[in-house]
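Would you mind keeping the following structure in view while I ask a few things?
By written order: A, B, C and D. Residues from 1 in each chain.
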Amino acid sequence: MAIRTLVWGENVHDRESKIVQNIYPDGMHTAIADGLNEDDGLSASTAVLQDVEHGLTEQRLAETDVLIWWGHAAHGDVSDDIVDRVQQRVWEGMGLIVLHSAHFSKIFRRLMGTPCSLCWREAGERERLWVINPAHPIVQGIGPYFELPNAEMYGEPFAVPEPMETVLVSWFEGGEVFRSGLTYQRGAGKIFYFRPGHETYPIYHNEDVKRVLKNAVHWARSAAPAWTSVDDAPNRPVDQALEPLEEKGPRLHKDGEAGLR
Amino acid sequence: MAIRTLVWGENVHDRESKIVQNIYPDGMHTAIADGLNEDDGLSASTAVLQDVEHGLTEQRLAETDVLIWWGHAAHGDVSDDIVDRVQQRVWEGMGLIVLHSAHFSKIFRRLMGTPCSLCWREAGERERLWVINPAHPIVQGIGPYFELPNAEMYGEPFAVPEPMETVLVSWFEGGEVFRSGLTYQRGAGKIFYFRPGHETYPIYHNEDVKRVLKNAVHWARSAAPAWTSVDDAPNRPVDQALEPLEEKGPRLHKDGEAGLR
Amino acid sequence: MAIRTLVWGENVHDRESKIVQNIYPDGMHTAIADGLNEDDGLSASTAVLQDVEHGLTEQRLAETDVLIWWGHAAHGDVSDDIVDRVQQRVWEGMGLIVLHSAHFSKIFRRLMGTPCSLCWREAGERERLWVINPAHPIVQGIGPYFELPNAEMYGEPFAVPEPMETVLVSWFEGGEVFRSGLTYQRGAGKIFYFRPGHETYPIYHNEDVKRVLKNAVHWARSAAPAWTSVDDAPNRPVDQALEPLEEKGPRLHKDGEAGLR
Amino acid sequence: MAIRTLVWGENVHDRESKIVQNIYPDGMHTAIADGLNEDDGLSASTAVLQDVEHGLTEQRLAETDVLIWWGHAAHGDVSDDIVDRVQQRVWEGMGLIVLHSAHFSKIFRRLMGTPCSLCWREAGERERLWVINPAHPIVQGIGPYFELPNAEMYGEPFAVPEPMETVLVSWFEGGEVFRSGLTYQRGAGKIFYFRPGHETYPIYHNEDVKRVLKNAVHWARSAAPAWTSVDDAPNRPVDQALEPLEEKGPRLHKDGEAGLR
C-alpha cells in the first residue's frame, strides 16, 4: 500500500502574498503534495491551519503514516490541543518531516526540547547543500551536493539536540554554514528536519528538493504497529513478577494502580 | 566558589506519609541537600512546591548552577510558567539532575520531547546498579556496581531519546532491567537522569547514592557564561554579511526584523 | 531480489566438541543459514575459516549484501588481509551482524576502535532479553522480552562506543546486565551486535533468536549503491572550484595529487 | 598539578621544506607546545617520529594525560606496535587530540574504525570556523566564529562515525563545508579531532587556534584513574555469583579461565 502522507501547510503567506501566489498558485502544501505524488509508492494529501481542527482530526492522524509540516507566520495560532495530538501520534510511530521555518513550530520545539533557534538573512543568496552521509536513504539519487540559486540564509548555532545523523550541511554565499538535514527519533517516531523552503523562491519545484522529500517519506515511515501504549506507566503486580519475589518493606501504592503523574 | 546547587522537592508525601517522615523527618529535599553539603565544593539549599513561585523565582534560578528535581504525586500542580522559566535556564546552561519519579515531571518530559514512561512495581526488591562507563565522572568512587536492598522497580521500555551516554543500568530481583543513569544536553544545559529514590526506603542516606549525586552536580555544572540569547533568532542584515553579498530575489522581511514565531 | 546473506562460521568447536555437534550436526553456521532461509526475502549461504581465503574472496564479498560473523576460539587465525577486505566492504555498505563471542573478533574490534571486552560466566543460567525500543525493525514480532533458559552470561562493562541505538538489554539470573543488541554505522555499513549464541546451548534453534536474526538482515541491508570511493582522498584542483577562487599562499602539493597517507 | 601534555610531531616537512621552516623554525610540534605552555595549568613537551620508539615509550605514555598528534607525510612509518601502545593508553583514559592531516594517521583510523577520508584543495583560501555549540568547554573564549585567512580546504564527506558532539563546522571560500571539530569517546579516552593546521600557513600561531587547543587539552584530560583492565575479559566463577546460582547445562570452559581471543 502507498505510504499515506499528509502535507500540512500554514497557508498564510500563500494567500496573502502576491509573490508567494505567483510561485505556488494553489499553496505551498499543494505543490509539495504534487511532488510526492509523482512517486507511485506515496499517496499524499493536504491539510491547512484554517481547516476544522487544522485538518488534523484524530481519525486523519490515525490514517497518516508520515506528516510533513510547513509553518512560518502563524505558529502561535496552532492549537495546543492539536499539537498534543500530533505529538502523541509521532510517539506512536507516525513519521514527521519538518520544513524550513517550521524549526520554530510548536511541534518541533516540543519534540526537540530545545529552542530550535538560529540566525537568518533574506537576500536570495546561493546555497549549496553537501551530502555528509552518501549512503543515507534520504539522499539517494542526489550527487555529492545540490544547489539552490536563491535561498534565505539560516546560520548556526541551530539550537537543537545533537542529532542521530547529520545528513546535509549547507554552505551559504554570505559566509555561513547550517546543518540542513538532521534525523531524530522520539518514541517510535522518526523525524527529519530539512532546511530548504523559503516561500518567496520556487524551492519546492526544485528536482533535488523533491527527491529528498520523497526519500524522506520512505525513510520516516514505520513498518511497526502503532505503539499506542507509549505514554502508559503500567504497574506490574508483585504476584506476576517474572522471578519469584516476596514483598519487602513499606508501600505507597496499591496493586494495579496507575503511575502518579 | 562552591557550586550553587538547589534541591527542589515536591514535599507532599514527605508531609503526608508517616512512613516517609520516619525516614526523612525534614523532607527528602533536606536530606539530599545535607548529603551534597558534605562536599566542600558544593553549596546546596532547598526549595519546595509550596513556596511562593515554588521557590523558583527568576533571581533564585539566576543564582543556581545546578538544579536537582524530585517530584512524584503533584507534577500537575507545578505551574507551567515556572516550568517555562526552569527550561529557559537549562537552555542557558544550568545543570539539571532529575530523580526517580520525576521522570514524569513536566520539566523532564519537556526537555526530552518524549513520554518518559516506564513500568513499575513496588515490592521492596533488590536493585543492583551496574556501571557501564567506569571512566565517567559521575561514577568515580563507585565500584563495578552498587546495590540497594529495597527499591521500587522501574522497567524498560523507558520512553526517552537515545542518551548522550549510558552510565548505569539496573538489574532487579524480580527480573527486569532499566537504564538508571543517562546523560543529555539541551541547549547549554547538561542533564542527568538518576533512577534511585523511592520515598519509602532510605535511598538518599545510601553512601553510593550520595556519591553519585555529588559527582553529578560537579559534572552538570557549566563553566561557560549563561547563553542568554539561546532562544533568539537574530536577523543578519545583508550589508553586514561576512562575504560580499548582493541582494537577489524578492523578500518577505525587513532588515533587522525578528524571526516570525 | 532476495537479500544475499553470508553466514561465516569459525567452525572449530563445531567439529571438535561432541556437545556442540549434538546440537549443530552441520555446524552452527549451517543452522543459522537454515533459519534465515525460512524467510523468502533472504538467500543465505555459508563460509568457514577453513575454506580457501576463509571463503571470503573479493568476488564472494562483492556479491554479499549482509555478512553474519560467528567466531570464538580462533579469532587470531583469521588473516589480517581478509579482515582488511571485509572492513572495506562494510565501509562500502555491506551490512554486518556480529554474534556473541565474535565481540572479540578482529573485524568487530577494528570497526569499533575499542577493546570490546566484557566479563563472563558459563553456568547455563537464565537470560531475559528486554526490548528497549519496541518500534525498532530488528525486534518486530518479539514481545516486551524473550528468554533463553540456558545461556552463558556476559556482563558489563562492555567496552564498545556508545551505540547509535540500544535495542536490547539482558537480565541474567546470576545478577548481571548486558547491552545485548546494539547498532552502529561505519562508512556506509550498518552493524548490529547481537549477544546470544553460546555453542553449548541450542540458541540458534530458538524462534525469537531466529526472528531477530531475520529482522536484522533486513535492517542491515543497504539499498544504496556501494560507496567504493569511501577510502579515497581526491584533490579538487583550484581551477575546478565551485566558487571563483584565486590561489594564495605557498603550496606543498601539485594539482590532482593523491592525499598523503 | 599541571596537565601533562605531549605534542607528537611527524617532523618531516618541518625539516625538509623551506616554507615550513620559515614559519616553524623549531618544528610545528614545538610551536604547538609553546602555545600550550602559555597556560599555567598545562605542561607540554614534545616527541617526534625520529626519536627512539618515536618518543612514545611505555613510561612516557604512562606519564601523559593528553597526547596531541600531528602527522602528514609519514603515517606509514609509524610502527604498528607503537600504535598499539598509544591505542591502549587512549582506552585507559589518556586524552587524544588529532590535528588536520592526522585524519589519516594510523591511530585515528584505528580508533574511529572508518577510513577518515575527505576531499581537499591547497589554494590558501579563506576558512571560517563556526561554533555549533557555544557552551562547549572547547570553544570558550571564542566568538560565534573565527577565521583563517589562508587554509587548505577539507571537504565533506568526512568518513568518520557520527560524533558525540559537533563543535565546529567550517565554511570555505571555494564553496565547501567541513565538520572541523568533533568529539568521540573510546574506552575511557576522550578524543577531539580539530581540522586546522596546514604546515605552509602559520595556523598554530593563530590566537583562536591556540585557545581551542588549550581548551581541548583541559577537556580531554580524564580525572579518573587509568582503566588498565579495559582489555581484560575476566571470568566470574559460578560460586562467586552475586545471586544464588546453580550450574546448569554443559560447559566449554573451566573456572577462572581467560576469555578466548
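Please note the rule applied: a contact is a pair of C-beta atoms (placed from the backbone, for glycine too) under 8 Å apart; a residue touches a chain by one contact, two chains touch by 3 or more.
No experiment lies behind these values; they were computed from the predicted model shown.
Peer 1: Based on CA centres, what chain would you say lies at the far end from chain D?
Peer 2: A
Peer 1: Give, as an integer number of Å, the spacing between the C-alpha centres of chain D and chain A.
Peer 2: Each chain reduced to its C-alpha mean, chain A and chain D end up 36 Å apart.
Peer 1: Could you tell me the distance, in whole angstrom, between the mean C-alpha positions of chain C and chain D?
Peer 2: From the centre of chain C to the centre of chain D is 27 Å.
Peer 1: For chain D, what residues touch not just one other chain but two or more?
Peer 2: Correct list: 128, 133-134, 155, 162, 164-165, 175-176, 185, 187, 242.
Peer 1: Using the contact definition from the top, classify how the chains connect: line, ring, star, complete or other.
Peer 2: Drawn as a graph, the chains make a fully connected set, so complete.
Peer 1: For chain D, which residues count as touching chain C in their complex?
Peer 2: These residues of chain D touch chain C: 13, 17, 19, 72-73, 75-76, 91, 101, 104, 110-115, 117-125, 150, 153, 155, 159, 161-162, 164, 173-176, 184-187, 198-201, 230-238, 241-243, 245-253, 259-261.
Peer 1: Which part of chain D faces chain A closely enough to touch in the complex?
Peer 2: 128, 130-134, 144, 155-158, 162, 164-166, 169-172, 175-177, 179
Peer 1: Mind pulling up the chain D residues that touch chain B in the complex?
Peer 2: Residues 93, 128, 133-137, 140, 164-165, 185, 187-189, 222-224, 227, 242.
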